[in-house]
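Quick one: the structure is below, and I'll ask about it shortly.
Just so it is clear, A, B, C and D label the chains in written order, and each chain counts residues from 1 on its own.
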Amino acid sequence: MNEANADLLRTMYQVALTIRRFEEAAIGQYRLWNIRGYFHPYIGEEAIAVGVISALQPDDYIVSTHRGHGHAIAKGHDTRLVMAELFGKATGYCKGRGGSMHVSNLGQFNLGANGIVGGGIPLATGAAMGMKQKGSRQVVVSFFSDGASNNGVFHECVNMAAIYRLPILYVIENNHYAVSTPVEQSTLLRDLSKRSESYGIPGLSLDGNDALRIYQAMAEPLRRARVGEGPTLIECKTYRHGGHHINDPGAYMPKEDLARWKAHDPIDVLRDYLAAAGVTEAAIQTIKARVEEEVAKAVEFASQSPQPSEVDFLQEIASL
Amino acid sequence: MAMLKYRDALRLAIKEEMERDPLVFCIGEGIGERGGSYKVTDQLYKQFGPGRVIDTPISEASFVGMAAGAAIVGNRPIVEILFVDFACLAMDQVINQAAKYHFMSGGQGFVPMVLRTQGGAGNSLAAQHSQSLEALFYHIPGLKLVMPSTPYDAKGLLKSSIRDSDPVVFIEHKLLYMTEGEVPEQEYLIPLGKADVKREGTDVTLVTYSHMTLKCLEAAERLAAEGVEAEVIDLRTLVPMDRDCILASVKKTGKLVIVHEACKRGGIGGDIAAMVVEEAFFDLDRPPVRIAGKNTPIPFSLNLEKLCVPSVDDIVEAVRSLG
Amino acid sequence: MNEANADLLRTMYQVALTIRRFEEAAIGQYRLWNIRGYFHPYIGEEAIAVGVISALQPDDYIVSTHRGHGHAIAKGHDTRLVMAELFGKATGYCKGRGGSMHVSNLGQFNLGANGIVGGGIPLATGAAMGMKQKGSRQVVVSFFSDGASNNGVFHECVNMAAIYRLPILYVIENNHYAVSTPVEQSTLLRDLSKRSESYGIPGLSLDGNDALRIYQAMAEPLRRARVGEGPTLIECKTYRHGGHHINDPGAYMPKEDLARWKAHDPIDVLRDYLAAAGVTEAAIQTIKARVEEEVAKAVEFASQSPQPSEVDFLQEIASL
Amino acid sequence: MAMLKYRDALRLAIKEEMERDPLVFCIGEGIGERGGSYKVTDQLYKQFGPGRVIDTPISEASFVGMAAGAAIVGNRPIVEILFVDFACLAMDQVINQAAKYHFMSGGQGFVPMVLRTQGGAGNSLAAQHSQSLEALFYHIPGLKLVMPSTPYDAKGLLKSSIRDSDPVVFIEHKLLYMTEGEVPEQEYLIPLGKADVKREGTDVTLVTYSHMTLKCLEAAERLAAEGVEAEVIDLRTLVPMDRDCILASVKKTGKLVIVHEACKRGGIGGDIAAMVVEEAFFDLDRPPVRIAGKNTPIPFSLNLEKLCVPSVDDIVEAVRSLG
């Protein structure tokens, strides 16, 4: 593996680990009641955000989901401002108006998380139409999970992206569950990417825990998108390391399945790649330390930030 | 009488009706083995099996329409939408199909379905999980609309809704599920369209429904300490609405405050105020007042969220301002 | 061809011809302003309603579309009451409340036409769920056209019917247009039945102008449905003989296409089968005469029926 | 000044804005070569091509959401829904996405889209093609709502709507497309939120919008013959609403009749009546009256359909009944 690759792997590893530690720290803060509302951890699925987003240009758009912290961090958002948004603070990306389910950062081309399952798919498709309109080479990635793929907007949008040949990648993060409903119970298909055939576009199913393979697999879909050949449907198979949200113990997830997937942890997969690329344990420890520091700072920043101003808020909504 | 939680009273209503009528079934997301997000259908899967407590994919538009279709062919489906916010996905099936079928078929067909859902702010769930959207259903002819505030009402009204031959939108409030109240051991029904005077009073009429009933009762206690006796009318059913109950109370008190959590603009309060003014203008000593939610998407931050929903203070203040 | 078949063919021919003549007569009445509102003729598509519905039991359900007169007549409805509904008369199936886009007749298991494209698909799927619930052997047929198949409810419902193994047939009447939009412009697929693969169920594409072949092809989907094996997606390819509705000249339909499809007229196809089965020209003329008489009576009945009572109406809605 | 049809005034507005700003585009069903069901986009395809006048499959939920997405990234889409009835399919994208995005993003993003649609009864199109559903949008914070009654207003308001940075729901009326009126040759804009006094009067205030404006004007002429001078306020924009204009008129006349085609229950009339009572109770000589559509799905038969919508007679009667 050449030096370029080692650099890429180091970055991927650092980002994936940042997501993992960020989620763990935020869960800790949730337990302290510093974070409220719904919280859907991305733990176990990091390779998808990291693999897909590393393949993008900085000005390519993403549209995220209710399980969206990983996408935000992979897109390079300031973890302090993400954490502050989770805390509902004035310094968060959405000034505390959005929270975990609505983190967005237009400055870094993240149109945002969404509380409506599937709700982001039309927004993403529309953003891609906007790019086509403007003659831009920017691409849009629409993230969603297996549950969302059974919603009507999935069908409508993939079909429209196909006929208009829009520059978009539909990425199904198949974590095998929609809350407690196993994917086998809501579709008879094994590979969700097969649905691409209904729209006459290419589809692929990938190991969703292998960020490098995902990164590599993005080349052709991105090429297609940029030259006006249209969308690709990409399934990344993965698994949550816990329940649907923080307060769901996930008792319905078979222990063996969980163990098997944990043995194939996306962070470990990246670490093994790093080792194979000759990156030393010391270098890895340095990355870890950097990540720990960043996440600690994010928590500190969020903790010390002020609540949103009530006066400003009342003024803001007076015209609505 | 047993003390029951609101959610348990709902469950009991469903259980009793499912035992009584094999044509009743439940359909929704995660309502089966998991028992639903708010545990209203807990244990029903065990008793009735997957054929009558049916988990769905995330396909709201269609499974609501499926409930309507099953109702037309004679079943009595109870369909659950996790948050009323998500009912927006199913509006075509509710408004254009379920609500109109009886009429459009020239009276041939009936649509005896219940759409159970849940709304309201208070848990820092932000703009897409905290709305009060009852006004959207209220405006559509062909739908009935029920929003109970107590375990007792919840049980009796849900049973009546299940037996009703029209589509009933039944909206619970997320802050009510864990509230407790007395519920008789014997079976009872509460007819749709009857308001309940939750507190009698002579000085001012508070008309409200759902979670705001609790706040109005609290406000009434505070007002009583100041010597003002408020009558608290819990509408319970918004369609059909018990106008007689409202008008009788206003005749007595001469003052009307309408309280709801939904945004003021286009909320049901306007309709009630206009109706009372039309029917009883000269009974009124003061113009009716509406205390309602702010015209804004609900913010995530708890400190902002609480500003969007009427507080007990707001209600007390409003009554005081009537002099 | 044996006698049973000749009987079946005679019936099919008569029903198809009744639909054709009914539509022509109704169009004439529309031109006289005796029928108002939207009117979507089924002319050219008769073989589908006839072929599919002849294969059903009388108590099997159908759910129709905005282009629904053919389904109603094939289901055996009284043409007088259908015509009266189109006239908006008190004697119509829906007492003049419904009109062309909402003809229904529960007594003969027709849940009705629908003004919302795709709107009937969930109702049909729910009816099938009701049948399964009751342990009935009744089957439901959901009719819709190519345009509706791009709507989200198509995707959601076929998927649910597949996972619940509901007794339903989804019949796409692919008439190649959604108003003026050619099917090639709204999907990249050639055979819409291919979408069945997205749901793990069988699909077939048929000549939609050949009622006998359609009839024969229904055997296996109906068997599957009745024994609990689940839904089938059936595409019948056909073509309108005119514009989308009465007032649409259909100028966008290429003349050659129209001519080609008219040369393959579903009525002629049935007539050729009849001839091949040895049915005499005289016998055919007898059927024709019977049809003409029936349609004339339908028009007469509708013309002479009273308008719906305004008093009754106001009373009826007082409680809404 | 040229005499133009309502539909042509709308087309001119779109054409001018598309010429002015390359980020404006149109999307909807059959709006391209076919020019739309009501011919509002006729010829635009020829001028601007398939990249800016985009035909869609029958996928309302998604193409409305796509308009929102394109708006967020900087375009100014005009999305057409053939009938407001079908907007029910897109309610999630309108209510949960477009309306809330600006707020939820903490002000980062804007959604400058226009949802053009068409409603109302009168053509025997039955229950699913004849509704007046503006109240559903009126209640949702984050949306603006425009319903013009004349070619002049249609053009000026559509241009302002296209330039607005918020999502605007723009509802036309099927009976207005062929009506004619004067439209200046030069460019003009009409600001959102300004009502128009379509007729001055001193005896009674008629507050209305959309097609009912024409009926109110006709009623006012008839009343004038009886010596009653009605002031006719055409709201034009429902959100934001020009309360000042209404209140000033009521202050003058002391009598208020609100007229709309939408069902009375939960219609916008209640809100206006309640607002006026709250703000100007003591200016009122009589209780405000609402003349509105009947609470029923619209029947197909023309003789029944006409009973569902306020007539000129109904308006005249209502004013007379105020004494």
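Please note the rule applied: contacts are C-beta pairs under 8 Å (C-beta built on N, C-alpha and C of every residue); 3 or more make two chains touch, one makes a residue touch a chain.
Computed from a prediction, not measured in an experiment: that's the story for all the values here.
Compared on C-beta pairs in contact, B-C and C-D come out with B-C as the pair having more. Once the centre of each chain is set as its mean CA position, subunit A and subunit D turn out to be 40 Å apart. Taking each chain's centre as the mean of its C-alpha atoms, subunit A lies 37 Å from subunit B. Shared interface positions of subunit B, i.e. residues touching 2 or more other chains, are given as 56-57, 59, 61-62, 85-86, 89, 92, 96, 103-104, 126-128, 141-142, 295-297, 299.
Among the residues of subunit C, those in touch with two or more other chains are 94, 96-98, 102, 114-116, 119, 150-153, 156, 159, 163, 185-187, 317, 320. In terms of inter-chain touching, the protein chains here all touch one another pairwise. Interface residues of subunit D, counted against subunit A in their complex, comprise 23, 25, 27, 51-52, 54, 56-57, 59, 61-75, 77, 92-93, 96-97, 101, 103-109, 141-142, 240. Contacts from subunit C toward subunit A in the complex involve residues 150-156, 159, 162-163, 185-189, 194-195, 197-201. Listing the residues of subunit A that touch subunit B in their complex gives 36-38, 88-89, 94, 96-102, 114-119, 147-148, 150-152, 178-181, 185-187, 252, 307-308, 310, 313-314, 317, 320.
Across the complex, subunit D is touched by residues 61, 85-86, 88-89, 91-92, 94-96, 99-100, 103-104, 126-128, 133, 135-136, 138-142, 239, 262-263, 265-275, 277-278, 281, 286-290, 295-297, 299 of subunit B.
Partner subunit B is touched in their complex by these residues of subunit C: 61, 63, 92-98, 102, 104-107, 111-112, 114-116, 119, 121-134, 152-153, 156-157, 159-160, 163-164, 316-317, 319-320.
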